[in-house]
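Labels for the chains are A, B, C and D, by order of writing; each one numbers its residues from 1.
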Amino acid sequence: MALDTARLLITCPDQRGIVAAVTGFIAENNGNVLELDQHTDPDHGEFFMRLEIELGGFGLDRSTFASAWQSVAERFDMRWRVCWSNETKKMAVLASKASHCVTDLLWRAKTGELRVEVPCVISNHPHLAGVAESFDVPFHHFAVTPQTKAEQEQQIRDVLQRVGADFIVLARYMQVLSPEFVQAYPERIINIHHSFLPAFAGASPYQQAYERGVKIIGATSHYVTDQLDQGPIIAQSTLPVGHRDTVDDLIRKGRDLERVVLATAVRLHTEDKTLVSQNKTVVFD
Amino acid sequence: MALDTARLLITCPDQRGIVAAVTGFIAENNGNVLELDQHTDPDHGEFFMRLEIELGGFGLDRSTFASAWQSVAERFDMRWRVCWSNETKKMAVLASKASHCVTDLLWRAKTGELRVEVPCVISNHPHLAGVAESFDVPFHHFAVTPQTKAEQEQQIRDVLQRVGADFIVLARYMQVLSPEFVQAYPERIINIHHSFLPAFAGASPYQQAYERGVKIIGATSHYVTDQLDQGPIIAQSTLPVGHRDTVDDLIRKGRDLERVVLATAVRLHTEDKTLVSQNKTVVFD
Amino acid sequence: MALDTARLLITCPDQRGIVAAVTGFIAENNGNVLELDQHTDPDHGEFFMRLEIELGGFGLDRSTFASAWQSVAERFDMRWRVCWSNETKKMAVLASKASHCVTDLLWRAKTGELRVEVPCVISNHPHLAGVAESFDVPFHHFAVTPQTKAEQEQQIRDVLQRVGADFIVLARYMQVLSPEFVQAYPERIINIHHSFLPAFAGASPYQQAYERGVKIIGATSHYVTDQLDQGPIIAQSTLPVGHRDTVDDLIRKGRDLERVVLATAVRLHTEDKTLVSQNKTVVFD
Amino acid sequence: MALDTARLLITCPDQRGIVAAVTGFIAENNGNVLELDQHTDPDHGEFFMRLEIELGGFGLDRSTFASAWQSVAERFDMRWRVCWSNETKKMAVLASKASHCVTDLLWRAKTGELRVEVPCVISNHPHLAGVAESFDVPFHHFAVTPQTKAEQEQQIRDVLQRVGADFIVLARYMQVLSPEFVQAYPERIINIHHSFLPAFAGASPYQQAYERGVKIIGATSHYVTDQLDQGPIIAQSTLPVGHRDTVDDLIRKGRDLERVVLATAVRLHTEDKTLVSQNKTVVFD
């Protein structure tokens, strides 16, 4: 059984003494560091760190941490966040018709492999109502046309707000979100693209891959930004294909990739193991 | 020890009875089929086949095969070629400064892993003379500038013609060949591109990959066509990278990919296991 | 949409003329060969072949094939079988408590990715009743103790017989089947072992892998024989692990491997792409 | 260009405050921590850490470090070592007849990819003299028979001592070293075994793999201990094979695995990224 922890994530300009100052602060407050991971980006002089501190015995909690920590954070000009492993995140799932990613995520949530609560599945099609129901997750169907797009997004955002979604997973949701939507959830919307980005961005990537005659296909999970298929990549995976594979075979093989790559990205996000900078991710796993 | 064989490669419009007609022809001439591989492209109604026929006991040889075979080939409107495994192909290697692919190919040729003769290494830089010498392979240095490009290509082609090169490997040769050069060796020039094409075509693919923050890098070996980095793909491979990898790390890791992917493509070509159609390869391995 | 086909699988001593005789027979009966795959085992002089023949236009069907084919089969001393792609196989699933493989198989069957009918899920524990129910598959719970093992196996076999199971998948069924059971379904029971066999055969393979400190874990799907974990291997896959992975992490990562490897083996079996000889499989994929 | 660093590696019983004490010590001595990696083994309550400290500006050097550090090390009951990146390690290579691993290591050393000096190649056969010579590395041939084994080992150890070898790579050296030899170089002898250990330990692993009919082969690099093929694993890799692969094909494919896995292990050792405990490695990469 994993111990409950505080997860402290830090980004700041690199300089001497950061690690000593941070770990000294933890030690002064009687905290036990279970994991420490650190990285320096030599190109931009940027420092990244993630610590997991055992909650048992730690002298600070969510009501007292920020004020105690303030002086260290200011001294090093840090962007930082602290997350508490015993606060289960709420993951909203957006999907269209394809069931493989949704089914997989709901199964992982239900069995506890992913430590998340799923307050809703939202779709622009009715097809996945039965899947959501079989996992006892509320399902919302908001149809969309080019004319009703703004209105439909508002319906979605109303649900997200009402259920208190912490982050959103686009589990093969086949609509492009508006910039306003994306900006409301910075680094908190995770998409799965069914190709090895940046190859085959845009629509019908398996068809594109088939036509190009590649010998490997891939899948990419990334944070969503204003730029379609251009956000920071969290996880990727590939597998071999051959001349015997039709587009349908690529789609079938790709489903196995997509499920695992998306689940990997969601796990990393849920465990607070990602930091974003320069449109890239640092993944402390 | 592998048996000596005739390798018969066929492309034609799909219809009933092709396999029966071909294998019937082989049987009538007392040939033993050791390998038969067949594929039909449903999109274009195109039929592909490769047979390996044991030379021992076979009633035909290179002087008699074509005329005997003619009527079958015409009946099905075939494009075809026959290759004899005991005719060692001559592989010319073009390179620039990087030694990893050249060293690897020469080592595989020397140990007999690749059944090829290497009549020359040609480079636009002098750096690899020692490598070629250590494998007893003649080395030719033809410097090139934008002004002397046509002349330098002619020097290369003179050597290729003189040594009787059957095919050409661009082992990290950093020059773009002219359309005339490429058309003189159709489906007989193999390049290694240091990315997972079509991602990061063109120059500095590892730098591009680093800037995009991908979690996987790749390498691609393909036949060279007029369109830069657009030719039919023969082999690809990938491996995982992370935020700790600098551009230099990607280059280092990529070298291991490039050597193996290029050697794989060369082996497939040498063993007559590739057929090209619609700018794709059928690989019978 | 895939065409309906007859799949003809052949094993016999190698000799000249087999391919010509078989494809000649197909051509005489106006059959169109869509796929032909062939292999010769040089160590044992054994010949293997698989053909897919388009049903449309083919002059033979399941009532007439055997008698027409008889003389070819006898001439070459063949073991052979013919399968008809439009006869959906019945796949019985045996499981214990773990839900990942069962859920995955039922999902693939329901969506049509696997062309099978699932007439039953049978378990020695009640835990998976809800999973089976959500896919509308009958669930049978037969508890077992060392004392009641023979009786419980009989209960299982009664169900299998009643539903007409064509083959059986052990989807993490944690009981060893008796030799009598196994012999009743030769080459028709598929197991998933949660290690890279032959490493870590027997119980608790992830614990064994953890203790040995391997850097890669695997999963193996094989046909079940009398010898525990020794049957012919159909499919295997691996993925990297590290010193940070606990036994629980290995189990979690392994689940993703197990599902895909088992589904791959089931797909190959369902599509009649496996031939067994010398305790190995020939896989024509 | 990588900065010169001190690499500090620590193993000790886990307790609060270790990281703070160590990084505090570095900060007091004006050191800049470039990399810090840390791991706790929950089963054995063991703490592992690796730091890279920039040499520029650091107040300690190899003559003063140990005495300054002594009190911290004692306080936490540490086993520790410090390595200086600008001290090039001397890597002795032992081989037999196979050239692929030796050629690969010498190439990587020559091009600077591996930051090592190679003072000798030693073999029980004369075959690799030319390879060593082409890289300007002294070659020693000491033939061995069962009767002369002790004497031949002494000849090897004399050379190793004379050239001041820091560590030894068994690059497909087909002799078992005596326990006395192994104990003289604890955690400093690296072997490549041509299978996915613990599968197919001992002789002829590719033959064993072929007979078992596995669908994946592997290679394993490990530190050598008294127990044959049982030492702590540093790196492993695998690749797919099929029924068409003969034993010779497995050997050929395996060579590509072996070279890369061995080079990976050597790089990790050279960069002081491995810690051994409980017959396993912690690899901080």
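FYI, a residue touches a chain if its C-beta (ideal position, glycine included) is under 8 Å from a C-beta of that chain, and two chains touch if they have at least 3 such contacts.
These numbers were taken from a predicted model, which means no experiment stands behind them.
Engineer: Most remote chain relative to chain D, going by C-alpha centroids?
Structural biologist: Greatest centre separation from chain D goes to chain C.
Engineer: Of the chain pairs A-D and A-B, which one is connected by the greater count of C-beta contacts?
Structural biologist: Answer by contact count: A-B.
Engineer: Would you kindly state whether over half or under half of the residue numbers at the chain C/chain D interface are used by both copies, giving same or different?
Structural biologist: Both copies touch with mostly the same residues.
Engineer: Return the distance between the CA-based centres of chain A and chain D, expressed in whole Å.
Structural biologist: 37
Engineer: Approximately how many whole Å separate the CA-defined centres of chain A and chain B?
Structural biologist: 41
Engineer: Would you pick out the residues of chain B that each touch at least 2 other chains?
Structural biologist: Residue numbers touching two or more other chains: 39, 244.
Engineer: In their complex, what parts of chain C are in touch with chain D?
Structural biologist: So the residues of chain C in touch with chain D come to 39, 41-42, 196-200, 212-216, 218, 232-238, 242-244, 246, 278-283.
Engineer: Applying the document's contact rule, which stretches of chain A touch chain D when the two form their complex?
Structural biologist: Listed in rising order, the residues of chain A that touch chain D are 16-17, 19-21, 23-24, 26-27, 30-40.
Engineer: Within their complex, state which residues of chain C touch chain A.
Structural biologist: Against chain A, the touching part of chain C is residues 99-100, 103, 107, 111, 113, 134, 252, 255-256, 260, 263, 285.
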